[in-house]
């Protein structure tokens, strides 16, 4: 038993934090759902990360990665998120690449992995459809066999960053007659091809984060099939040996909490005392810190299990439910703490903490919905984790 | 005990629903968010024609002379529609201020215009920490030759850019508790240079502004109520406004629950309506329960104010509750709606954004909990 | 709209409270699950209530009651509960009697109503069975037709006060082949008859509140059938025109809260200040008062609806979920407030508030379980109240 | 980071499970609740034979010299079985007190007896308000000819009637902060008249007593640690005990979750196992999540103490959490069990009663939240 990082891991953290400290402030705090200029800067950071080898920190050495331990990956994510550094590549390095390493052909790996590793390409993920959300396996987008091509028609929704992506990996139904999990295939395509149309979806915080992607008889070469035909559900669901601890959530929350503590100590209320002297405020700050420590503990546990080759099924779902709720709670409290100022948008005259609390309060509404709703996660904990019978 | 609506109240509810159905939809609400002043003159006139701008104004002053209960019934519908514009600020806060504390001259000058939809008022109270507390006022008014010289800037003045008259709170005496040293003034917006008004970009449609009153001089008869007695008057104005805000929040909460009930009946996943899932049923039933509680607490407080009863405890309870639960109901609605409710195109977010503002107007839940503690003798 | 009681109602309340004030303190605070002596005293109070006409306050005048308005009934319950006065008769006056008024024969009414009205008899209710809790309609206790008798075999559980009851009303299965709601009948029996055996069940607070009642070929005359054979489910479920607002819960909670407020003001903590000056304590007292006011508001609403002849389906379930949770919360807080002393049992040396908070904290664990669990109530609110489809 | 158990720890867990399975069942737990002193000599001897009473005692003093981690693994199992008796009070609190602060003479006198299962110790600290704070101590010790004359009564002395030696905290200096004026004494129970010990009837099995030390005189070498330095020593003893209590609560929580998972798989209503209902699945999964968090927080704090790291924040976090969640997990277990869990015959209530006591031992959640606030620099 050891509840601390190794000296080597701490050294890595120190090196990373030093690099972050030296990074130009212009790069910090950028949202990838922000302006085109923010996005361009994010890509610059991505290439810096590629140069440092950190973009593929978690890739096996044979694929040009660092083969870093699970805990180093955790540290990397934790510090990057805590310091609001953009540039990590969720879809390419963390989702598609590992999938190709397991299920891809040699040609696919050769073609797609190097640009991802260099930070030269942006992928997006086409899973959800308008009628297939939590019940993803009911997806209906059709791919019809046309010799050496599939012809794909239908639409994908909630496609983050599609408007900035060069490529998309997506699931289609190749056998409409098979049971729903068994007629799905996993395909790759460029986005800039005939028949693909991308429509923006603006979220309630006013950001262009999502898109709906329409496919109208898009021709996808069969060489772009990953894994076997009709086995796409299992390709997508492969349990990958990459960090999925959910450490992002407590890191993001700790950052917000630290900002709020500093704010509460520095800002005087109408009584003339700092807000941090208000008993309710103190209580809520303490409760949030307990929540952060709780969530971080489970995230570390997930990583520790993964590091030992165990499959953290219920623990990963616990980390997700705890983490998403935490990130919501901390920003909701943040808006509370700012009182009347809490409702001012980023950029508004007189906004406090640059309106970040409000922006995140709105943005995090989706956290308990996307990537498996809290309800689905609790089902998983109960059935897969505790062995309760399915309903 | 009789918790039902009177015929008059039912009639107001019905006409309000008819009016909203005919004139206000969510496209209109969205469009108005980028309207220049926030006041759509045409709709504003229509509200006056319905008799609503003057609902709280005594018949002797040309209004309908109805009670806060009727106003609450109306506001519940406005909250459910997220009606944009200066109605609340003028017909509730402004009308109460002038009708209850105005001199005869002030009533004659302003109330008919307010009833006719020719006057938009705005409360200029908060500063600095923006606490809903007399101590927040640092602005001053000092006697000058011609009247009073004002000084100081106000924040979170609702509809600041579109107001015709500000109700301005200033210290008129530097010693003594703030409770005994504030005075209210009616300040004509024409007195202010447009550069004195800076818009704040808020999540909701309150059109807040910072308004700088430095250098403005007002005549002696601009005083609303008595010198140094501004706080008791303002407290009354804020209390009525708080109760009215609860009714508006109740309407928004009701809409969020209704939308959720509709959605979970229609949306299907795993081959069945998601409303058949017990987790969805339970969350929705909790939201509906919160709504029912909010209705009881809100109307009880409003009834007590309208009937001249001692209302402090009930009003603070209603506001503490609605301020907590309106956002919570909206969060529940979002969770039940899934991704679609998170988009700007969907109407749900209109209500969750309204909640973020309404809940802190006139003091947040903690502010009202402190009042409850006092009322409980703690 | 009127959020206050009428002058006549307030006069009734004043009369009742005056009577309570004059009642000997020995009668106050008695638990019906207490000692035999407590029980005997409870029965004395019951007869006093009968003499005042209050035991049957809610009965129609034609049956010798006062035909009181719904709000008078609410006031009666509220004050009796708030002042911890025993003697009300839930099973007899409030459950069986109204059932007989609707479904009983003239003979049954003549035989059973007068002793109930006089407070001379104790009934108990045999509904639940070991395998039929939330799913009550699955009950299996058999009644076999034997000419002018039924022969009843099986067992009932959670039968409150069976050990003190003279009679029992109960549900049996008379047609095992019918759909489950349609083969049930409603019977009456004395408890002191051959074949009935009553075993105590001690609850976690150490009280003998419940029993299991075993029936071994008990002969029940057919004259004791209430309503039609096989229609017992509907007999038991009849929506009765008697107050069912759930006002008991906020009344009980307000009492506990008032005691806690007085305690907090009078007791000094280690700082030398009264406990009521502690910000967390203040906050929780305020929140509990909000909860009491919330629950009371819905209870009044239920009564108001009933008074106007409406059927408060979802509102009654709301009052029950809110009220049971409230009563749990206030006593859990009470135990908290007493700190280390919170764990001392009634009667213990050094116990505070005579250990009532602990006793009630344990006892109210069952509130969200019995008489329709909170889960079942929420199902009802969703399906019957909001019209969501059944699962 | 390595959150797994070492082989030794795993071995302790296994032997603890074997021992509990063989010797302790719920009938035994119930029976011991009405046992006269609360100490079953036979079991107490067996625990000594297993090497557990001396687990924290250094090898040089005849113990196993293991760390708090091993003790926590053991206590988790004891908590899961609700093992009655003075183990915690003696082998954790007492052993820490004497092994860490005893003079050589005291160690020689008491530790071997403790290791051998011949000594039961009890902490006599709380008085009056029963706050876990140095200011709670009003009892005094004044120098007399033969040593120290004690005065004052202590409350919530665990296992008061069965203890052989009390660890008694007294003020030895009337001026100065309580932190600088307490002294600890080891007081032989034989010094006390049986009338000095009054049992308290608590919900759990702690066998609390009020113990009156008035008129007792102890020799100079009864002092544990240094004069006027009792608080720093006591704080350390309380910290170790707090961490150990978290481990015990963790075991109880685990048991409540396990019982629930078992029950909802077996219990059938509406023609299906109740574990298929989503409301049951979700509540159970929340309980399991709370348990998992509690495990991480608890072992992290324990590891930090065992490794000599700065542990204040983590310990207070673990205790604040477990103190809140152990009862909450039990409430969830009751709700999922329905009526049957509410009976005395059912084992669940054993754990919910244990929770009611454990959660306030060594300071409740609010007490520990205040420590966290300090640690956060608030």
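Read from first to last, the chains carry the letters A, B, C and D; within each, the first residue is number 1.
Note that in this section a contact is a pair of C-beta atoms (placed from the backbone, for glycine too) under 8 Å apart; a residue touches a chain by one contact, two chains touch by 3 or more.
The structure displayed is predicted, hence computed values, not measured ones.
Novice: If you take the mean of the Cα atoms for each chain, which one ends up farthest from subunit A?
Specialist: The chain lying farthest from subunit A is C.
Novice: Pick out whichever of the two, A-D or B-D, is joined by more C-beta pairs in contact.
Specialist: Contact tally favours A-D.
Novice: Between subunit A and subunit C, what's the gap in Å when you average each chain's C-alpha atoms?
Specialist: Distance between chain centres: 52 Å.
Novice: How far is the middle of subunit B from the middle of subunit D, if each middle is the mean of its Cα atoms, in Å?
Specialist: Averaging C-alpha atoms per chain gives centres 54 Å apart.
Novice: Just how far, in Å, is the C-alpha centre of subunit C from the one of subunit B?
Specialist: Whole-Å distance between the two chain centres: 43.
Novice: Multi-chain contacts in subunit C: which residues touch at least two other chains?
Specialist: Subunit C, residues with two or more chain partners: 280, 283, 375, 378.
Novice: What positions in subunit B touch 2 or more of the other chains?
Specialist: In subunit B, the residues touching two or more other chains are 277-280, 282.
Novice: Using the touch rule from the top, collect the residues of subunit D that touch subunit B in their complex.
Specialist: Those in contact with subunit B are residues 277-279, 282.
Novice: For a test of understanding, state which residues of subunit C touch subunit B in their complex under the given definition.
Specialist: Checking each residue of subunit C against subunit B gives 1-5, 9, 71, 261, 264-265, 276, 282-283, 285-287, 289-290, 293-295, 297-298, 300-301, 303-304, 307-308, 314-315, 318, 321-322, 375, 378-379, 381-383, 385-391.
Novice: Mind listing the subunit C positions that touch subunit D in their complex?
Specialist: 128, 131-135, 138, 157-158, 201-204, 206, 210, 268-271, 280, 328, 332, 335-336, 339-345, 347-351, 358, 361-362, 365-366, 368-370, 373-375, 378
Novice: Quick check: in the complex, which residue numbers of subunit C touch subunit A?
Specialist: Touch residues, subunit C against subunit A: 279-280, 283.
Novice: Mind listing the subunit B positions that touch subunit C in their complex?
Specialist: Its residues touching subunit C are 1-6, 9, 69, 261, 264-265, 272-273, 275-278, 280-282, 284-286, 288-289, 292-293, 296-297, 299-300, 303-304, 309, 314, 317, 320-321, 369, 372-373, 376-378.
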